[in-house]
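In the two complexes below, subunit A is the common chain; its partner is subunit B in one and subunit C in the other.
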Partner chain A sequence: MATSVPGKNDSGAISITVEFTGGLEMLFSNERKHNVAIPAQLSDGSRPNIAYLLQYLVDNVMKDERKELFILEDNVRPGILVLINDADWELEGEEKYELQQGDNIVFVSTLHGG
Partner chain B sequence: MPPSLCANCQTTRAVIIRPKNRQKLCKTCFLTIFETEVHETITSSSLFHRSERVAIGASGGKDSTVLASVLKTLNERYDYGLQLCLLSIDEGIKGYRDDSLETVKRNAVQYDMPLEIVGYGELYGWTMDQVVAQVGKKGNCTYCGVFRRQALDRGAARLGIKHVVTGHNADDVAETVMMNLLRGDLPRLSRGTSIVTDSGASEIKRSKPLKYAYEKEIVLYAHHKKLDYFSTECIYSPEAFRGSARTLIKDLEKIRPSSILDIVKSGEDMALLVPPEVNGGTKKPAAAAVAEDDTPGGCGSQNGRSSGGEMAELEKKLAEDETAASRETEIQLPAAAPKKKTKNPDKSRTPKQVKVQSMGKCERCGYISSQKICKACSLLEGLNKNRPKTAIEVGVGMEDEESSSTLMRQMEQVQLTSG
Partner chain C sequence: MENLERTCASLRAQISATETKLAGLRRELESAEKAAIDIRKQEDTKTEEENKDRETRTWPLLAEEYRRYGRQMIVPQLGLQGQLKLRSSRVLIVGAGGLGCPAAQYLAGAGVGTLGLVDGDTVEFSNLHRQVLHRRRTVGKFKVDSAIEYLQELNHHSTYIPYRAHLTPQDAPEIFKNYDLILDCTDKPATRYLISDTAVLLGKPLVSASALRTEGQLMVLNNPPRPAGDATGGPCYRCVFPKPPPANSVVSCADGGILGPVVGTMGLLQALEAIKVIAASDSTPRHPPSLLIFSAYSSPQFRTIKLRSRRANCAVCSAEANVSLDTLKSGSTDYEFFCGTATPETLLSPEERISPQEYRARHPDTFAAGTTPAADGKHTMIDVREKVQFDICNIDNSINIPISSILSSRPTPAAEDGIPAPLPSWLPRDIASPDSTDPVYVVCRLGNDSQVAVKRLKELGLDRGGQRFIGDIQGGLHAWRRQVDPEWPEY
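Right, the complex of A and B next:
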């Protein structure tokens, strides 16, 4: 393997797993688990946080047109739980939590029925 | 942020903030405390008696799956001596119920409980798919709600069981309180808050052991216990009013998480103020009035449940059908019945609630009913009568005669030009 691949900087990206459950997977091509690579540093020098991830998911992963079923007013729609490495995101700083390599982010809908 | 420790055991990392009191808990403590609180609800309201046979209304969704799991755990832990089984309804909706019934079948194996499935098709000769093909998507929830109540009762009766528990949670109850508050319907508000719905309308007792459990905690319980549940949405007719109430509840929860239980408590307190003659006591109220509040979460939790408005319209229609000989109900209405058109059902409802109704049996099916013909049979009568009529109408475009005749003219022209 080449040690340096042109156009790809391994140290510049972090990979995380994103899961959608509780009915949300329906908005994401019926795929529960997504592996996502995002830049380790943003153009303004800050590190990517959950707020960045939300926009990233809407722009790049979500094919369903009904964005409002996932995001409302630039935040997760009320009734959708966010777990950061299995902990309620409220314990981790919510949308300001800065993503780490290997993080597991789970979005669970409480809005769907049986 | 530094990780916070569990407020209960003080040793493990907290992963949950409880909505009702902001307490931080680790996974193990959360699961135990959740179960203990359901146990307290059960014991403080003396919900069960020893060796009671109890059917769990199971849809395969999160609420009923958590209910089944917790009841099994508690039954063993505290030796309730209950005989539990799963009771599922197959509404006959392709692409919706099939997958969730598969989940219930797996649950039956996982929890080692017998499973009974009752289908609308076998009970009524109509699946919901057929009903919707007939009546359209609008208003079909009314049929589903009436059919479901009877179907659960009949399923329980088939098993010889007198107690059905459903997975209604605190959010559901708060939602019902808000809806009935907004409609000014205190009797229904009162009935909806009660943990046990015991009515003259049925020999079978209904209860909701998860009444005080937050939907959020139910989902987290299912997640952390890795329960096998199925999430879906009914493919028919979202119900706008309940949907709005639900959005309101969820928005309130975001700002002030204790709101949900506070609304439930307020509902209970308001229920105490409702005079028994308005509330209908426990014996005489109309079967369908209870049916609506108590519709288990068989369909989507934000969709599917019928609104009281719809139900009130239905009640009126059925009362009218009773007096009318044929389908020309609206014309033959006795002048005494103030017909303010279906748009304003609330005004006409209040006097109806106080009307004393005596419970008898449906002349058709023998189901307990306050009227000669029970609601399910009345609905079926309408469906069966309309069967051929609608088939013709569908082709033309049902509402607008003018446009359809225009369409016909256009088609004639097409024929002329093409011929």
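Right, the complex of A and C next:
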């Protein structure tokens, strides 16, 4: 399990679990599970949502330079499902879903082999 | 003389006694035989009566079927009614490979009345570790014929229909209309969209699965199969994945690898879901649409994800649909175009590529037994296959730099006016040495990744503006085997 801690002030941070499967873990240092701590409140006073998390992962967690295999046009690339606490993110408001302490976010790449 | 006469008398007496005994035994045998015939006659009459009885009381299944399916029929979720539904059902399996084989095996075993199999491929040795219906002696045959040969032996009560071709948009509706339920056991996004679209347009539920390396995914789609625009119908493949993945992100089992039991597990789960859909009764609980994810090396190994319902603007199953049977048949719904193709391009010019044969001509000493690394004058052979493949077999004295490490690092701009660009961590320092003009050859499995790697090496300025040869082995190790080393293990 890889842990990544942002910035200086952890007092107002929430921690969540981020998982990658279906081959996506290869873009994230071959680690399936990452504990990520993000600020509970952003500088503009808003709460961090999935859109924030995507950018955060690209900037801080993803070491692979092939960003386009994860993000295309500021969104997850087609063929990746985002799951918020075991439900399709489309049931939860997609990228506008505001992250809660303890949330489990899973990124699944679709498989095609058979 | 007296003695002899006595002996003769004794023998006569013995013969007479034995003859009496023999006559007795004959009588006993006769009556025993008579008794045996009588009993047999009685038994025959009894069987006739039984047969008459059977004709009057019609059982819905044959006697052999009760024995064959008894163990599953006494499971309350199936029962006799479920068995009868299975027998009258028609299931189409598209793809007779790692998913299709176990799915077909279990559905034939369970007594599905008609099984159609679609596949245009023939059996190869590399299939046998997971495609369990195919055998050594069916290598080279059509997969559907090989599979049906096995299924016939397993259960002759079912009807098996082979389709010896890959599914096309023109043929799909004609084939699908004869079936009640479809299993997607294929391996390409374009075919997956085609199968889902056809299933929706013809109102068939679809059990879709996929697998790669150590993971698998399973969804039951278009269930219930309501008409387009009816929001109470189950979501289709396009509802879940409205846009196909970029073609370069799609990895096949041939390239990424697959463990047999992983894809087998997914095929079995497809058979199970098919049985559940076919044998469902009014009392069977309905679950919301879900995606099952199997990850053999994670804990827990299985997780079920709640999926969305039908997409209000889905191209196939919504009121705004623009895909129809007509657009399928006319070709205006173009699946190859929709999904794109990652056709390997030729990135290098002919001067930057050499064949294995030419390589041997340039460096004959490398092929002489007992020589040390590039003894003929120095050159470097870089093998860009992943480490696990390099470890299976490699060319003597070649070095391994996996293409994934090359691609995952930032492309470096070419050196500018004497200021050398910083070198990436994957590049061994001796190759990068500024005074070396020794040639560098790059090899991979088929000759695609090697070209990408050559480009990267040149971008780093390693070719000293053309003073140093950097090129790839055309056709990769596949061509290597054909041209210079017939004993090279091909995996």
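One rule holds in what follows: the second predicted complex is superposed on the first by the 99 of 114 C-alpha atoms of A that agree within 3 Å, B and C clash if a C-alpha of one lies under 4 Å from a C-alpha of the other, contacts with A are read in each partner's own complex, and residues count from 1 in each chain.
Keep this in mind: contacts are C-beta pairs under 8 Å (C-beta built on N, C-alpha and C of every residue); 3 or more make two chains touch, one makes a residue touch a chain.
No experiment lies behind these values; they were computed from the predicted model shown.
Engineer: Given the alignment on subunit A, is it a clash or a fit between subunit B and subunit C?
Structural biologist: Overlaying the two structures gives a clash between subunit B and subunit C.
Engineer: For A:V108, is the partner it touches subunit B (first), subunit C (second), both, or none of the two (neither)?
Structural biologist: The answer is both, since A:V108 touches subunit B and subunit C.
Engineer: Now for A:L69: first (subunit B), second (subunit C), both, or neither, which partner does it touch?
Structural biologist: The second partner, subunit C, only.
Engineer: Quick check for you: in the superposed arrangement, does A:G79 touch first (subunit B), second (subunit C), both or neither?
Structural biologist: Both: A:G79 reaches subunit B and subunit C.
Engineer: For A:E31, is the partner it touches subunit B (first), subunit C (second), both, or none of the two (neither)?
Structural biologist: So A:E31 meets neither subunit B nor subunit C here.
Engineer: Counting residues of subunit A touched by each partner, does subunit B or subunit C come out ahead?
Structural biologist: C
Engineer: Should A:E98 be classified as contacting the first partner (subunit B), the second (subunit C), both, or neither?
Structural biologist: Touch status of A:E98: no partner.
Engineer: Tell me which stretch of subunit C runs into subunit B once the two are superposed: 37-45, 91-99 or 397-405.
Structural biologist: That would be 91-99, the only stretch with clashing C-alpha atoms.
Engineer: Share the list of subunit A residues that count as touching for subunit B in one structure and for subunit C in the other.
Structural biologist: Subunit A residues touching both partners: 21-23, 26, 78-79, 81, 83, 86-88, 90-91, 106, 108-114.
Engineer: Sort out for me which residues of subunit B touch subunit A in the complex.
Structural biologist: Residue list for subunit B touching subunit A: 1, 3-4, 13-17, 24, 27, 59-65, 100, 167, 171, 215-216, 218-220, 223-224, 229-234, 246-247, 250-251, 253-254, 297-304.
Engineer: In the complex, go through subunit A and note every residue touching subunit C.
Structural biologist: For this pair, the touching residues of subunit A are 21-23, 26-27, 32, 63-66, 68-69, 72, 77-81, 83, 86-88, 90-91, 106, 108-114.
Engineer: Give the list of subunit C residues in touch with subunit A in this complex.
Structural biologist: Touching subunit A from subunit C are residues 95, 97-100, 184-189, 192, 209-213, 215-217, 240-246, 249-253, 256, 258, 263, 291, 293, 295, 298, 303-308, 404, 407-411.
Engineer: What part of subunit A is in contact with subunit B in the complex they form?
Structural biologist: 21-23, 26, 78-79, 81, 83, 86-88, 90-93, 97, 106, 108-114
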